[in-house]
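In what follows, chain A forms one complex with chain B and a second complex with chain C.
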Partner chain A sequence: MSYTFTILSPTDTPLFTHSFGTSRSGGDGIPRFTSSERALIPFILHSALDIVEDVQWGPSTSAGSAPMYLKHIDKYQNNFISCWITGGNVRFLLLTRPRDEALGLGPSSSGQKGSLAGGRAGLQSSSGMLYSPTNAATEEAVKNFFQDVYESWLKTIMNPFFNVGKGDVVKSPVFRARVAAAAKKYL
Partner chain B sequence: MNPLQDATPRPPKYADLEASVILPKQRASPASSLTSLPYRRSNPSLHKLFESTSSLAGSRPSSGTATPTPASAPPAALSPGSRQNGTGTPSSLQPGVSDEYRILIQRAFVPHVAVVADVETETMIRGKGIEGGLLQLLRPFGETVPGKITIRDSIGASKSHADFGIRFVGAHLGSGLASLPATARNSLEDPSRTSHTSMRPRSIGGNVAQVEEVVDRHLQYFEFNAHTAASGIPGEPHTLAPEANSSPFYTLYLRRLLSGLPLVPHETFAHPVASVIAVSSRNPNPTEEFRRLYAKQREGELRPPPWVDNEYLRYYVLVHEEETGDIAKSNQVFDQMKRHFGLNCHLLRLKSQQCIPSDDDSVRLPTCEWMSSAEELAEIQQRETADDITDPTPYIPESDITAIRTFVRELVAQSIVPQMERHVATWNEQVLARRRGISGRFMSLSKRWTPFGSSRNSSSPALGSSNTNYDSLQGFYRPDAPEAIMRKLADYSFMLRDWKLALSTYDILRTDFNNDKAWRHYAGAAEMAALSALMSTGPLTSKTRTENIDTWIEAASYSYTDRDRSAAPYYALRTLALSLELLRLRGASAADDAARWASRILEMGLVGPVGNALFTERVAACYAIRKGVGAHRMGSRLRKAAFFAVLAAEAWFRLGKSLQAEKCLDVAMGLYGARGGYDDGVVKIPFAQMREFIEELRQQILGLRMSIRGLESEEGAEEEVEESVVVEETETLDKSPRMHRRSLIGAVAPATDLAGLTPGLEREREEEKKADHFE
Partner chain C sequence: MATGGADPTGSGQQASTPGLRYPSNKKTIYDRNLNRSKNAELSRAAFAYLFVEMISYAQRNVRDIAALEKRLNEQGYPLGLRLLDLLLSRSSNPLASIRPTRIHTLIQWVAQTLWRHLFGRPADALERSATDATQYMLYDNDPMVSTYISLPREMRGLNCAAFVAGIVEGVCDGAGFATEGVTAHSVGDQGSQEGDAAGAAPKKEMWPDKTVFLIKFKQEVLEREEILAKGAG
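Moving on, here comes the complex of A and B:
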C-alpha cells in the first residue's frame, strides 16, 4: 500500500506533502506509485476537496459536535481518500492506494497460494479480506495517524516564527520526521 | 401450442463470450486499413458526410456567441441543430443546459417500418440513380415526419409532437441474425454471411467498436481540415459555458449508438410496427403482386424470426410512374385498393427519369441522420476510394420529394399512430389490466408458489412446463405470451411518448422476468423503466431517484454484462449513457449520480479509446453542472469537473487529437479559474505539480498540433514557421512530417512524446533532416 499525506490550507494551498509506503506486514515504507499515478495525485487530492466541503457543511451525521475525523470520503479509481479537518479549517488528506492484490485485481488474486512473493500476499489474504476503506480496523489506524499528526501540527503552528495566517509552507524537518514516525507506527 | 417453426435449438455460443465482453480490437474490418490514409480535403462529397460534426464543431448553433459557419446550409428540417426547442422538457431546466440529448433519445426510439417492393418498382427507382431502391429513397424522409403528429395517450389526453419520426428498414428482418446479439455482431464481420441480402452493408447497429471508428473518422477529418481552414478556432478563448463542451462528436457517438437498433427478442423497438408493400403500376397485375408479396412476408423467405410478432400492419402503396404510366389506369387500380384496404393504402406518383444537379428543380437526396455505423463506415470508404470527386449522392426532382413527404405524413398520421394507439388501448385493457387486477396477482402468485411446479427449477426447461412462458433454451417468449405482449405494449407507449404507462408496464414486467430468470429480458425492462421514469417531465423526488431509478440502472447494467451467459456490453453502455444524460438534465442534485454512472462506464471498460475520452469529458460536464451557491460556491463540483477535463485532455492527446485536447484543457482552466480565481490574468492553481503537469500537457498538445500542420504543408516545402513558436517547436515542425508518415504506416495513433527525445535520437533526426534538404 502506498500513501500520500497532504495538508491543505483553507485556500487550497498545499502546506505539506509526504509520500510513504506501508510499514505493516513487512512493508518497507517506500511508496510505490507508478509515474502516471504520481502525476495524478495532486489532481485527485485537489478534486476531493469538493467532497470534503460537502461533508463538512452538509447535514451532520453525529449528534452534537462536528467531528474532526471525516473518515473515508472520496475515491478515484483505486485511490481512496480520508480526511481530517482542524479547527482552523486546515484539511489533512490521506490518499491510500492499496496494492492491486489487496483489491482483488492483480494476477495473483486468483492463485495467490502459488505466488512466489506469497509471503506478504498470503498473509494479507489469510486475514480474510480485501482492502476496504470503511473497514473498522482501517478507519481506526487512519484515525490514530491523523491524531498524532494533528498533535505535531498544533505544536508546529504554535511556533511564534511560523506565520500561520499567511499560509506558510511547513519546512520543519522535525514535523516531517514526526509524520513519518506516525506513519510507520500506524499505517 | 404449435411446434416452433424453428425447431433446431440454437446452442448458446460460449465461444463468443470473451470476444463480446472485451471490445474487439477491430482489425478485421477493412476500414482500418484505410484510416491511415490522409484525407483529401478537396473532396466535396466527403465533406458532405462529415458535415454533421465539422460544421458544428467550432460552436454550437444554439449558443449566442456562435460565429456563423459558412458551410452550405443543410435543409433546416434535417439539421440536428433545429430540434433544440423540443416540447416536454423538464420545467426545471438549468440555464445553459440544453435538452438536446433528451430529444435525441426521444427520436431514437421510434417505430420501425419494413419496406418491400416488387421488381418493377425497384428497377424504376434504380433507373433514377438510387442504388438502394425504394428503401433508400424513403429512408431520409421517414426520420422526421413533416408537420405535427398528435398522439392520444392512455388517459385520453392528446399531445402534439413536431419531431415524430419513423425508421424505414429493409424487409430482410434480421434474417441473417441469430438469436443472440453477440452472434449477430460477429456475423457483421463475416462477409460471407451478409452476401445474400445485397451489396449494401447491413443496417444493424449495436456494435460499439464500429461506432468508435466512425467517430474517430469524423475526428480525424475535423483535425486535418480545421488546421488548414482556420487557425483561429483553436486559439479562440473558451468561455465557461458548460454546453460548450458538449461536443458534436459526443452527439454523433450517441446517435450512432442508437442507430440501427438490432432486432432482438428482449426488446421490440426494432420489431416492425408496420410494413410498406409497394407495387409499381407497370406491373400487369398489381393485386396479384400485392398478394404475393404479402405471402412472402408472412410465410415466405421474408418471414421474421419466431419471436417477432407477425401480425403487424400492412400498408399498400401503388407506385405510379409519371412519364409513361397511364394515370387513369392507376387511379382505377387505386380505387379498387381503397375499397379493399380502406385507409391503409396510398398512390405514390414518382418521376422515373434520372435527375442531374443542374436540372431546374432537382434536390439532393438528403443524407440519413440515423444510419448505422456500419453503413456510414462503408459510405466513407466508398467515397474515399472513388476516384472522381463529384458527389455521388443522387438528385431527385422536387415533385418527388413533395410526393414522398405527403406519403410519409399520411402513413404515420393516419395509419401507424392510430394503429399503435389502438393496440395500446386493447392490450392495456385485455392483458395489462388483467395482470394488474386481483386475479392477475393471484395468478402470478400461484405461478410462483405452485406446489407442482417442480419443473420450474429442474433442468428440463420450457416446453413441458406450463408455469412459465419463457423458453429458457432459446431465450425468448413467444410473441403471443402475455409477457411478450406486455413488453410490446410498454415499448409502444414508450415510442408514443406515454412515459407513465410505459413506466408502470416495465415495472410489472421487471418482476415477472425476474421470477422467470429471464435475465436479458429483465435487464431490458429495468433499463427502460429507468429511462421512462427519467424521460417523464414531472418532478422526481430525490428519494424515488435513489431508491428506484438507481437500482434499476444498476440492475440493468449488471444483468446485461455479468449475469447473462453472453454479455451484452452494448446494451449496458446504452443504459448507462442514456441515463446519465437524462440525470444530468435533472439539475444539481442528480449531477453527482450522472457523473457516477459516467465513471462507471469508464471503469467497466465498456468503451474503446475514443469513447473513453468522450465519456471522461462527459464526467467533467456532469460535475460542471453543480456550480454551488453563494460566494464560497458551497457544494460545487468545479474542482472535480476540472480534474476530469484535464484527464480528458490527456486522453485526447494520447489519441493524437490536438484540437479536442486543447478544448478540454481550456475548459479545465476555465473551471480552475472559476474556482480558484485569477492572478494577473493567470489561473491560480494551488499545487505546483498540477501547474507543471498542465503546462507540459499544453506544450505537448502544441507540438502535436504543429506536427499535424506540418503534415498539411508537406507539399509546400519549407513553410516558414511562425515567429511566436519557440526554437524547440521549430524543430518539431520540421521533422514531424517524416515522423508522422512513419506512424501512419504503422496505423497507430502518433504518440509523439516530444519532450522525451533522447539526444541520440535528436541527432539522428537532425541528420535525417539534412539529408532531406539535399535531396
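Moving on, here comes the complex of A and C:
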C-alpha cells in the first residue's frame, strides 16, 4: 500500500507533501507508485478539492458544526482519497493506493493478502479480504493519523514566524519526522 | 534554512538534519505541550505595557485615525487565524474535532469561547442588524484593551479595540466566512447624544468604554448560508 499525504492551504497551495508506504503487516514504509501514477497524484488531489468543498459545510440539517474528519471522499481509478479539514480551512488530503492484490486485480496467491490500513489480525484472517476505504478499521486508522498530524500542524501555526494563511510552506524537518512517525504508527 | 521555533542562539546542531538548529534546551516547538498555557493568565500590567508599545508602533508615520485602526486590526488578524484552530482543538471533546459551519455557530463561538479565552468572560451582547442582514453586532461593555487608554481630544474617534476587531476578523475569515471587515466603534458618543435627548445621562457613565464590534459578512457568505439551509433535505 502506498500513500501520499498533502497539506493544502485555503487558497489551494500545497504546503507540505510526504509520500510513504505502509508499515503494517511487514510493510517497509516505502511508497511504490509507478512513475505515471506519481505524475498523476497532484491532479488527483486537486480534483478532490471540489468534492471537499461540496461536503465541508455538512448537511442542511446540520446543527451548525461539522467534524473535521470528512472520511473517504473521492476515488480516482485505484486511488482513494481521505480528507481532514482544519478549523482554518486547511485541507489535509491522504491518497491511498492499495496493492493490486488488495483490490482483487492482480493474481492473488493464497499467501498474499491485501494489507489493510490499520488492519487487525482478525480482520485480515478472512482470505480474499479486499481493501475498502469505508471499512471501520481503515477509517479509524486514517483518523488517528490525521489527528496526530493536526496536533503537529497546530504547533506549526503557533510559531509566530510562520505566516499563517499566506501560503507559507512547512519546511521544518521536525514536522516531516512527526508525520512520518504518525504514518508508521497507524498506516 | 531557519526552522520553526529554533532559537538562533541554540548551540545544538544535529548531524542527521544539517542546517536545523535546536534551542539550547533541545526542545523544538513540536516537543511542547499545546495545552500547557490553557489555564495560564497574563498579568494585566504586562498586557497593558505591551499593548501601549503596540499602539505607539502602529502610530509611527500614520496618516489618520482610520489608518491607525487599520494597523491595529492587522496586528490582531493573524492572532485570530491561530486562535481559531487552537481553541477548537481545546474544545471539551478534543477527539470530536468539531468546526463551525454556520454563521450563527461561529458568532456564538466568538462571543463565548474566544471571549472567555481572551478576557475571561463572555461578550455582553450579540445582535443581528435589523437593517442589514449581513451585519452582526457584538457588544463589550468594558473592553479590557481600552481600560488604561485615555484618548487625547484630537483623537476621540479612535477605538483601540480595533486590535480585538482584527482578531475577530481573522477568526471569521479563517473559518471560511469572509468578511468585508470587522470594526470597533465606541457606543459612548451616540449614547451621550441620545442620553441628552432622553435626559438619561447617568446611563452613559456606567459603561464609558462600551464598544460595539461590527461584523459585516460578504454577500456570498449569506447566499451560501441560504443554499445550505435549503439543501437537499
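In this text, the second predicted complex is superposed on the first by the 161 of 187 C-alpha atoms of A that agree within 3 Å, B and C clash if a C-alpha of one lies under 4 Å from a C-alpha of the other, contacts with A are read in each partner's own complex, and residues count from 1 in each chain.
Following the convention adopted for this analysis, contacts are C-beta pairs under 8 Å (C-beta built on N, C-alpha and C of every residue); 3 or more make two chains touch, one makes a residue touch a chain.
Values in this document were obtained by computation on a predicted structure and should not be read as measured data.
Asker: Assess the superposed three-chain arrangement around chain A: do chain B and chain C clash, or do they fit?
Answerer: Once both complexes are aligned on chain A, chain B and chain C fit side by side.
Asker: Who does A:P67 touch here: chain B (first), chain C (second), both, or neither?
Answerer: The second partner, chain C, only.
Asker: Based on the superposed arrangement, let me know which partner A:D100 touches: chain B (first), chain C (second), both, or neither?
Answerer: Neither partner.
Asker: Figure out whether A:I44 sits in contact with chain B (first) or chain C (second), or with both, or with neither.
Answerer: So A:I44 only meets chain B here.
Asker: Centred on chain A, what angle do chain B and chain C make, from Cα centres, as a multiple of 10°?
Answerer: Roughly 110 degrees separate the directions to chain B and chain C.
Asker: Looking only at chain A, is it chain B or chain C that touches more of its residues?
Answerer: Counting residues of chain A touched by each partner, the higher count goes to C.
Asker: Is A:W57 in contact with chain B, with chain C, with both, or with neither (first, second, both, neither)?
Answerer: In the superposed model, A:W57 contacts both chain B and chain C.
Asker: Scan A:P14 for contacts with chain B and chain C and give back first, second, both or neither.
Answerer: A:P14 contacts chain B only, not chain C.
Asker: When the two structures are overlaid on chain A, which partner does A:Q77 contact: first (chain B), second (chain C), both, or neither?
Answerer: In the superposed model, A:Q77 contacts chain B only, not chain C.
Asker: Looking at the overlay, what does A:E140 touch: chain B (first), chain C (second), both, or neither?
Answerer: Neither partner.
Asker: Can you give the closest approach of chain B to chain C, taken over C-alpha atoms and in whole Å, for the superposition?
Answerer: Superposition on chain A places chain B and chain C at a least C-alpha distance of 6 Å.
Asker: So which positions on chain A get touched by both chain B and chain C?
Answerer: Shared contact residues on chain A (touching chain B in one complex, chain C in the other): 57.
Asker: Would you tell me which residues of chain B are touching chain A in their complex?
Answerer: Contact set of chain B toward chain A: 603, 634-640, 642-644, 646-647, 676, 686-687, 689-690, 693.
Asker: Enumerate the contact residues on chain C facing chain A in the complex.
Answerer: Of all residues in chain C, those touching chain A are 1-5, 17, 20, 28-30, 32, 34, 78, 81-82, 84-86, 88-89, 95-102, 104-105, 173-176, 224, 228-233.
Asker: Considering the complex alone, what residue numbers of chain A touch chain B?
Answerer: It is residues 8, 11-14, 39-47, 49-51, 53-54, 57, 77 of chain A that touch chain B.
Asker: Touching chain C in the complex: which residues of chain A?
Answerer: 10, 56-69, 85-89, 147, 150-159, 161-165, 171-175, 178
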